[in-house]
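Paired with subunit B in one complex and with subunit C in the other, subunit A is shared by the two complexes that follow.
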Partner chain A sequence: MIHLEPRKHTSAWTNLRAIMLALLITALLSVLVLFVMSDRPTDAIWQMMTFPWQGRRMEVQWGLVLQQTAYLACIAIGLSVGYRANIWNIGAEGQFAFGSIGAYAAYLILGSPDSAYVFPVLILAGILAGCFWAMIPAFLRVTCNTNELLTSLMLVYVASHFLTYLCIGPLKGDPKAGQAETYPLAESVRATKLISGTELHTGLLILMAAFFLLAAILLFTLLGYRLKVAQHTPRAERFAGFSPKNTVWLSFALSGAMAGLAGAVYLTAETGKLIQAENYLENFGFAAIVIAFLGRLHPLGILLAALLISYVNVGASYIQASLRVDDSVADLIEVVALFAFLGCAVLDNYQVRFTSSRKAVTT
Partner chain B sequence: MNPETLLFLSNLLTAAILLATPLLLAALGELVVEKSGVLNLGVEGMMLIGALFGYIAAYNLQTITCLEELIPGFCNKEERVFGFGDYTIALIAAACAGAVLASLFALLTQSLRANHVAVGLGLTILGAGLSNSLGSNFFGVNYTSVQVADHPDVFGQDILVWLSLLAVPLIWYVLQKTRAGLVIRAVGENHDSAYALGYRVTRVRFYCILFGGAMAGLAGAFIVLVHVDWKEGVTVGKGWLALALILFGTWRPLRVLCGAYIFGLLWASELRLDNLFPAWQLEWKTLLTVAPYVFTILVLVIISRNPAMIRRNAPASLGKPFNPPS
Partner chain C sequence: MDTPLLEVRNISKAFGDVVANNAVDFQVNTAQIHALLGENGAGKSTLMKIICGLQQPDTGEILWKGQPYTISNPKTARAIGIGMVHQHFALFDGLSVTENIAFSIDGAVQGKALEQQITQLAERYGLSVEPRKAVFELSAGEKQRIEILRALLLNPELLILDEPTSVLTPQEAEQLFETVRKLAANGHGIVFISHKLKEVKTLCDAATVLRGGSVVGAFDPRQQSTEAIAELMLGSRDITTTRQLRHFGDERLAVKSLNLQDNDVSLNIDNMQVRAGEIYGIAGVAGNGQELLYSALSGELTSRNNASIVINNTAVGSLGPNDRRALGAMFVPEERLGHAAVPQLDLNDNILLTNISNAATSKNGIVNQRYLSTTTDQVTDQFDVRHAGNKVAARNLSGGNLQKFVVGREIIKKPTLLIINQPTWGVDAISAMRIREALQTLAASGSSIVVISQDLDELLEISDQLAVLHHGSLTDARPVAEWNIEQLGLAMTGSTEAA
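After this line comes the complex of A and B, so read on.
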């Protein structure tokens, strides 16, 4: 009979041990997943682990990994702000879409200019649009006490259908294209490549800057401390004079802004145009939720988790191409990691004791 | 009324039943789960898994007989029979699949005391990922060749429709009038007191979560066996709507039933608008598909404006972590 016993002392070492155990379980279960999913499991496992060194050009694969890491880390750290205070914004996907829509709208309102100076304006518009979309659940939560978890999720469906509507309706571009899409942005407006041959561009620098800025705020300022108080003892938050309503506003504004920023950068750097939702949205918003929890809502953890998940994602698309393994392998490994980490988190506060009989438990 | 309107109305009602039944099934299961104080956000994932396994079972169980074979080995005209026993087995398969996924949730949240919200969201992603990968493994990427024969009817409706309607008074009775229901509610209202009284909080919750998973699996199976064919993400957010329905019904089975059918009717009429106005452009129809989600938000706003009603009916320790004193 297994029995959980509260720990008397917790230290960084016990936390680290739990994380190591979770990583080990993740690795073992991932191997199992690959064994089930592919015809040539040993090849699949080997290529999944070493895919950047498999092809002729390592920097391309690493570029893809770092590119995804930037997006995911940026959205996830925004979400972690609310999760610390038990405010559940799970609609980052919709805020991401609205960030892109906002950036494109700003581009059209400015009269489709062909100048590099417009780039920051588009980014700003994206941030504002993402923020606006996140404000809706926050407003409903604060004024009507509506469950923000459900409303933010419903707004993902609304946003993605709205994106598709824009692409086949008012903003319809080239009718000969295979998919519904708008006309592309002018080349000079788009983010410029940093290193030729890779996917790294200036937009990623903006994402990383935003990430480190928010990380610094969360780690070193009173605001971060306040959110920490809200996480651990909601009652103390009120006694200390912090308003729970303001926490709702703040966390939704920050997470919406980060997702909107990611959406705007995605538009200007990756696609250059809006595309119908199925082909445009890559589930960054949902993967970011997983990453926020994998990183235990800590900025450093989020960065590492984003790196891990991006590595798995890019690896999965690599073995999809080379070994025809379905790329939902990435989703499965992602969830395996999430469950392993959540399950092992119990070791932070509890010790597992094996007792011989049930009687021993009750005494 | 002229026969045309009558036909239209009956079509509307049929469509409403098709849309309402999975919502009702999933919502009733989740209602029991929430009454025991657990918030399982993985309904969508469990529905998808149930849908896939129900579909695979049905596909394998149906009997295909060839009526006309012009070229040997190539069937021109075939007959597919899907009997009542086969249907039952497919449903059981779906319910079991949902319950297995739910047991994972129960293990993590109850035994390992993980965060309900995080595990629930993970369960949704897991259900979607697993059903997509297994689905494409099983049916190939192109699903068009897969056909499941028609489901058998009982009194003009699918058996699950009747079952879901029957489950409403049954769950009400069990929760309100029996000892088991009292224990479930006690555990949901105050797990510490229930534990002190000697009830096995974790075990009661475990069973409730399994029941919720089985119901979600059935809901998923209904969607693919009765309503539409299997495809990736076939549930289109119905699991989340079921969660919203419980709030709408303030944790009361009868109100959940009303909510599910109001919802089904509205959704069905939104779908019928396409037929009424064929001249409408595709872009407007796309915009109209957001109607169920916007409607859900509106309903949630209206319901939660009255906090007293929520407070009176909501299980007091819903989603709160349970740390038994040791």
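After this line comes the complex of A and C, so read on.
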């Protein structure tokens, strides 16, 4: 019989071992997935692992990976704030959409100016809009004790329909475009490219700055401490004098702000205009949930997990183009990784013991 | 004379140095309602666990209808006909009454057939329940009836009821007594565990009293005075009159018209004043509102009536813990792990837990780790906390060391008022002694201390004033020397109206 015993001592080493094991399991299962989904599995595996070096221009592929990493890490660390305190905001996708809408609305309200100084205003508007959208589930939870898991998720669909409505209705742009979209932002208010030929731009620097700022807050301040206490023992939270309601407000505000920021950057840097939801949203808000857990809610872990998932995503697009393997392979690998990491996290605090069933302990 | 239904002979059980049962003899006859009496920690639970097969005795034997039996696990106990209704309910809130009962009999009977059986049993013993109702809709009394029904479905000949009336209203209790009488009339043996002497005297026809693990009396409770039984339970302890009556200072804490309700417990206190330099002990049997009183005093549970609690001449009834700490009041809750300390966090982080509003612990929101570490060193040195470094998680400390840590953490702040719930619960003797000494030293330096405890010896040793908490109200406090053990016993068992 196999049973789990609580570990008496946990250390960085036991944690690292569990992570290595999870990575190994993910790798093995991913290989299996590729064997099923591709008719040239060895090529697929090889190309997926080494795609940045496959083409002639390595910086383009790495650019794509880093671009995604920045968005995902930024949203995921915001979500991790609440998750640390057992507050489950899974609506980052909707807060992201509202970030974009807020930034575009600010642009219109300012009279569609053609000036680089407007850029920070749009970013700020995006942050506030994302924050606002996240306040709704927080409000419902605090006043009516509704389950924030459900409300935050449902508000994703409300937000995405609202985005589409804006594009086909009041903000409709060029009617000859192949999709519902608004008129584009003026070129001067958009984020500028850092390295020509790659997807890297100033918006990504803002995302990373926000990431490191929040990481420092989580690691070194009273706010981070308060979340740790709330995560482990709600009773000690009240004893320490922290209001559990304020913890809800705070974590929703922070996660909404981070998703809103990502949405505003996405608008100004990537698309330059709002587009109907299914062509605009790339599921960053949902992937970030997975990344927050893969990274074990720790800032460094989240950064590495975002890098890993982005690498897999871009790699999957690469082999879709080169070997015609469907890029849903990336989703499968993501899920496999989530299961492996969550499963192995048990080994942080427990060790597996094998005993013969006859010796099973009776109490 | 008939052979007793259950006879326990010479049972002893020790946990380490603590003797929980010492040569206990105990017997229950058929059709008898037998009360088992004793203070918290007198050994009642251990004895019942042995009878139910949850624990094995070190020595002694158990006879069932005259035959010796080894009850090696709860299954055996159930199979021979011993059923138990626990004090705390184990029911699934979302499921119906029938479904809950089906679970406990492993689904042997289900659906309509089970419903019918339940209704029949319920009618026979006056246990009115609605089989299809979901458990979350039920009152405490109804939940208890389910627990009794599910014990009865296994056809027990001996039924153990563990403090069954502690969660019931007087009317529900009266209904329960009817049921118990019917059960006894049908030939069941009943063991009735209780602290309430009044109900024992009206209901039971035999009683056994445990104190310190030994049987100190077995008699017919109807023929004994309540006073005599109370004294038997508490023993003839010396109440130290040698303790000097010190001069106490100004009023530090006053509680007036404090009325709070939490789940099934309500608290109504109108008469509590604590002066500087005084240790104010609050005695009482577990579950009489101690936890609620602690939360109300610490500010973890606030009251609408701001004037209901006054600390150092400031009304604080509706203020939270940190506002009260700012007035010099500090708190130590009962539960060490998960309330007084966060098990997963290290000692430095646990120092921070009660020092959030202390300006030295953080600057511009950034935690000052060095200050925390110095404070941890101070606490661990001064209170002799054995630990493997300040970065060790709180859960890795032994009970005694962690308790010294959480008490020391507050004392080192030189509180003008300290509220402490169960200061030495589950702590080794030497640590317990140190904690009591520390409390007395603190009081001698002019601080007020409120000690809520179920350990009467401890309270008699360290308190200046002593009051008894029963059913959420507090008797008037008196100097320890003015109490006698009989009065204490009566107050703790609710045999007199709390003044």
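Just so it is clear, the second predicted complex is superposed on the first by the 358 of 363 C-alpha atoms of A that agree within 3 Å, B and C clash if a C-alpha of one lies under 4 Å from a C-alpha of the other, contacts with A are read in each partner's own complex, and residues count from 1 in each chain.
One rule holds for everything that comes next: contacts are C-beta pairs under 8 Å (C-beta built on N, C-alpha and C of every residue); 3 or more make two chains touch, one makes a residue touch a chain.
From a predicted model like this one, the values you see are computed outputs, not experimental measurements.
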item	value
Contacts of A:Pro175 with subunit B and subunit C, given as first, second, both or neither	neither
First (subunit B), second (subunit C), both or neither touched by A:Gly111	neither
Partner chain(s) touched by A:Thr221 [first = subunit B, second = subunit C, both, neither]	second
In the superposition, subunit B vs subunit C on subunit A residues touched	B
Touched partner set for A:Gly343, first subunit B, second subunit C, both or neither	first
In the complex with subunit C, residue positions of subunit A that touch it	9, 220-223, 225, 228-229, 232-233, 235-236, 238-243, 362-363
Contact set on subunit B toward subunit A in their complex	41, 104, 107-108, 112-115, 117-119, 121-122, 125-126, 128-130, 132-133, 136-137, 237, 240, 243-244, 247, 281-284, 286-287, 289-290, 293-294, 296-297, 300-301, 304-305, 307, 310, 323, 326
Subunit A residues touching subunit B - in the complex, by the definition given at the top	3-6, 37, 88, 90, 140, 144-147, 149-151, 153-155, 157-158, 161-162, 164-165, 168-170, 286, 289-290, 293, 326, 328-329, 331-332, 334-335, 338-339, 342-343, 345-346, 350
Touching residues on subunit C, where the partner in the complex is subunit A	54, 72-73, 298-300, 320-323, 325, 331, 333, 335, 338-345, 349, 352-354, 356-357, 362, 365-367, 396
